[in-house]
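The two complexes that follow have chain A in common; it is paired with chain B in the first and with chain C in the second.
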Partner chain A sequence: MPEYKGMVQPVRATLEEMRKIHIEPVPDELKPEKAIEYLDQIRKKFRSFVMAMESCTKCGQCAENCHTYLGTRDPNNIPTNRAELIRKIYKRYFTLEGRWFGKLVGAEDISLDVIEQWYSYFYQCSQCRRCAHVCPFGIDTCEVTFIGRQLLHWLGITPKLHASVGAAMERVGNHTNLPKPGIVDTLEFMSEEIMDEFGVEVEFPVDKPDSDIMYIPSSADFLLNPYTLMGAGMFFTYIGANWTIPSTVTEAGNFGLLFDQYWTQRGNVMRLLNAAQELGIKKIVWGECGHGWRAAKMYIPSLADRPVRWPIVHIHDEIANMIRNKELKLDPSKNSKPVTLHDPCNYVRACGLNENMRTIIRAVTTDFREMTPHGMDNFCCGGGSAILFDDPEMYQRRILLSQKKAEQVRATGVGKNGDGILCAPCSICKAQLYPMVEEHELGVEVKGLVDLVGKALVWK
Partner chain B sequence: MKLLIGQILPYITVTLFTLGILYRLGRWAGARIIHNITLSPWLQTNGQVAVRIGSEAFLFRNLFRFDLALWAGAFLMHFALLNVLGGHIVGFGFLGEQFALIPGLGISPELSKEMSNLLGTTFGILLFLCLLYLLIRRLTLTKVKQVTKPSDNLWLIYLLVLVGVGDIMRLFEQSFGVEYQLVRDYIVALALFKPVVGMELLNNGFFLVHFLLVQILLIVFPFSKLMHLFGMFAERWIVNRVYKDPAPGLPNVDVAAARAAGIGLPSDAAEEGV
Partner chain C sequence: MAFIEIGGKQIELDEDGFVVNPDEWTDEVAIMFAEGEGIKELTEDHWKVIRYLRDYYKQFQVAPMVRKMCKQTGYSLKQIYELFPSGPAKGACKLAGLPKPTGCV
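For the complex of A and B:
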């Protein structure tokens, strides 16, 4: 169902697919009533949500600061209006002003149409938090769409993409349905590639007991972004680390954050903690994945069901630290093409990776150019929160959502000669930007940051 | 009618205002901060948090950074409002002679009254103009029109009337103004639950309307968007807090030793390297 009353919508998971992720969809005629029931439960728990519902003054500042609105000019894609889709219901059922003054304050009765609106617009939000960053009050629309998507999930409305990823994660421990033999094969192949291309011997230990470091790569790095994983392998080998990749969690991402922060997200956290315990490791190092890093860094402490004994750090943190300590010998001339950095939203607004990414990129490239704006003010690539839908209508939306990013890249001039590099160290950014740099004809190649580090390492 | 507005309603107003605010704050406090959603780059000390929240709340930092035109209107409006409210308290409290009480300046009570009048008039007019500016903004800018609900405009109109009436009393003091002494005695009597004096104040139609509008505003305040006064701090308290990264450094890693041993180099190349 790509459209509903003129609204674009992602293809939905089928009944079977919903059951696989432990949800029994609510029949349509009961959906409105159940939606109110679930909303009532959840609003009493999350203050971030209550404040988003109750303290907006509609000043309009978020509008021009949202890449979704800039790209589509759809009023419902203005962050406060997107939140209003649920706020109008919240007001109507849970506030005095809404009950007394109704339409005057924008309150509205629940209906199936409203739920369909939620599905359309909450899955056009990239949950990039730029609106929270610019809002005078700090209201986080991301918290609203998280909860909106949670309600939809409980009602049985989840995009096919997200549901299938949730199921794959539960089945094999990654999003791409890659089983352990496939993982081992791919890694062996990567070792050969590294030998051929860089002339160094790199092994990727899988499930090695008594390792010191457990590295969690993004599963997309096995197939789509091999140089990121190869770069990580080269880095760990270079520093002589006793490291391993757990076959049960070959996934830095956690789609639970994006559609089901209860069962799915928590389940993935437990899976990770089990793997860490079984392998007897000392520290967990995270690979390049924006939402996944946020889920790991900021949510594991509040989702874990036991004390977390392992510090969890990002590979960029460690590389930057070693660069500052002058422990790595790097040759930036190995990456001499013009480079610009796309800041993954979750890194810069939710995980504080801002400076470390720059420490690295300045050390491994010769022609680094900043975008405007950048860092915490950066715009999303348009794929944030995995709205990477492939059906034709949604794909057209993705092109619109990446428009702002395309303008930014073009303004840096890195792609002028068609040989620029757009460094986007996040699997979702990469997946969005691979096709989008073609659609917008930007003349750049999309790469991760660890890719560039791997290339720049000087081995002797 | 005058008895109702002048002697009964004030008690109802104060009660509903207080209880209403407690109700709303209780509602907010009842829900928890479940996950850590603080915005990065991280603030490192509580001092930094105070500065951040303070600069957002009192200087409107984000509006300044991202929308200067809105900042100008919103900041001046709130700044004027703060001064007008403060002016009501000290102006009536000290009968306009407040500046004469500041030691060392040598301001006479007469000069103080004039200063008080001038400041009150200035901020009153500024407040009115800013409200008007914000209303025009709501009615003309597409993006703001698209997010505006009828109540948003009604609030601005309501405040314009309320402030406008106040301004008329200031600007045409001879004809429509009130005597400070009377107002002070009236309020003091109300506050101390004493028999009310100064009811003749309410014969002034402008004062009656101004006073009534203020009371209605205070009654509705806790249930309306005006609660953003408190929402500001409650929301900022969620997204602006101290966070410290875990220490970097990988266990049992000695890069110098690893490089000296030539780890990763094919065996023949390693020998060459040594």
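For the complex of A and C:
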């Protein structure tokens, strides 16, 4: 059971696994001094980080707004205290008062213990940015977690889960290690399933040159979320789109955002742009993936090494536009079970994808109930930033981290008769909630939003 | 690295107890893992799922979509959980000697 001096920690990548993602881990005895060197580089680059280090007044507004703190009641999981794990080091080495007065002003010397503390707490934070949303100073504590994880990565400390995803992405172009024959086989199976259930002929073109639309699905859809894939295929077929899925980037996610924004995230962006150029497409449509949509919409323009000449849009925005233009015939009675919507944090707090999800859900279901709070104020599923660790200790933590979400779902009453739907249109949310709705006995089935669209389409 | 020993041969396991090299897998590995999973005895039903997963992996180097596995073996997801209490990935795939699935799964 991974634990360090009483702190829970995710299983970490081995030396060999770190090398696969281009990191030569720093030996333990050198880690403290290297950490300071890296921290110095980073503070000179990111004003958002310096602001978090210098401006917090410890008003405490973030505490009760963090699902991680609410679930664990561990004071180090209060967002400002989590940031303090780096702030105390920042103070000691980069401020006058910290250098002169040390502990008296809350400064602390760097040590291996501190680094291990970072590893425990920066991987309990799900980077949901609810703390940033309520901070009266506008401090984005998520930026501190980003930087904490980046420092750890450079030192050679990355969770096995994140590192293996990074390696899979580089090797085959998706997180789940799907080679092209596996992609094609699954998509053919989806076509058969659609024919069986809906009586419609839907093809999933892979690597089709001169397509107008390049659709980027989440690779988790190929293992766990069949109706999300089917729904997308049915939607594109319904509107008569000339579309394709690229086998070289069958992945909406970009874990670089979550542990290594310098190299991994950038590398994944280049991979995407290469695929678009090669296939000669006109538009990129993104699938259901929260952090991946943030990485695509908000980061590609600044990470790309070349002009990006294609619009990059989310499938929800496409569907919502067509609903508003009355271009889709939908029968909401096809989804008549009570349904509530879990807002993926990255959609609502980072990408402005909020009302469009509601435009869709109202058009394709008959009994939609909002949870409280929702939209930009919503709570995370507890798995955000892929803290989907499944060793027994961390799995228990996931149950605690999803407690607030469970309360919210329960309060809507959708699962009262055991036949509710929890719509969670993001692969991380889905992966977290599939087991969590069972752990908390919520009486709901987890679905994507495109799933519900596929079911409601009325074919001529 | 952890190892298990079967018939005098050492088989390497990863931190999660999955077989590192799927080619080293034998029926005995599944039988040994079954004990650790709290499965009393591997029945024909178990073997049917295990064989299906192995064949699929051999052809595609990846685990099948869970829905496809259910459809092709004829077991519902609920039955898969009854057969393999840790579920399709951590239970069935592990016994079949497939690598641990990565990503948002």
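Note that in this section the second predicted complex is superposed on the first by the 459 of 460 C-alpha atoms of A that agree within 3 Å, B and C clash if a C-alpha of one lies under 4 Å from a C-alpha of the other, contacts with A are read in each partner's own complex, and residues count from 1 in each chain.
As a working rule, contacts are C-beta pairs under 8 Å (C-beta built on N, C-alpha and C of every residue); 3 or more make two chains touch, one makes a residue touch a chain.
Fair warning: this is a prediction, and the values are worked out from it, not measured in the lab.
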item	value
Combined model on chain A: chain C and chain B, fit or clash	fit
First (chain B), second (chain C), both or neither touched by A:V348	first
First (chain B), second (chain C), both or neither touched by A:E97	first
Following superposition on chain A: angle at chain A, chain B versus chain C, Cα, nearest 10°	150
Chain B versus chain C as contact partner of A:F189, first or second or both or neither	second
Of chain B and chain C, the chain that contacts the larger number of chain A residues	B
Chain B versus chain C as contact partner of A:V105, first or second or both or neither	first
Chain B versus chain C as contact partner of A:A304, first or second or both or neither	neither
First, second, both or neither for A:S48, with chain B first and chain C second	first
Touching partner for A:Y238 - first (chain B), second (chain C), both, neither	first
Which of chain B and chain C A:I399 touches, first, second, both or neither	neither
Partner chain in contact with A:V206 - chain B first, chain C second, else both or neither	neither
Chain C versus chain B - closest C-alpha approach in the superposed model, Å	23
Chain A residues contacted in one complex by chain B, in the other by chain C	none
Interfacial residue positions of chain C with respect to chain A in the complex	15-16, 59-68, 90, 99, 101-105
Parts of chain B lying in touch with chain A, wherever the complex brings them together	24, 27-37, 39-42, 56, 60, 62-63, 65-67, 70, 74, 141, 143-144, 146-152, 154, 223-225, 227-228, 231-232, 234-236, 238-240, 243, 245-259, 261-266, 269, 272-273
List of chain A residues in touch with chain C within their complex	11, 14, 160-161, 164-165, 168, 174-179, 181-182, 185-186, 189, 193, 218-220, 222-224, 226, 253, 289, 386, 388, 390-391, 427-428, 430-431
Residues of chain A touching chain B in the complex	43-52, 54-61, 63-65, 75, 78, 80-81, 84, 95-97, 101, 103-106, 129, 132-140, 142-143, 195, 199-202, 212-213, 234, 237-242, 282-283, 285, 298-299, 301-303, 311-313, 317-318, 320-322, 327-329, 348-355, 376, 459-460
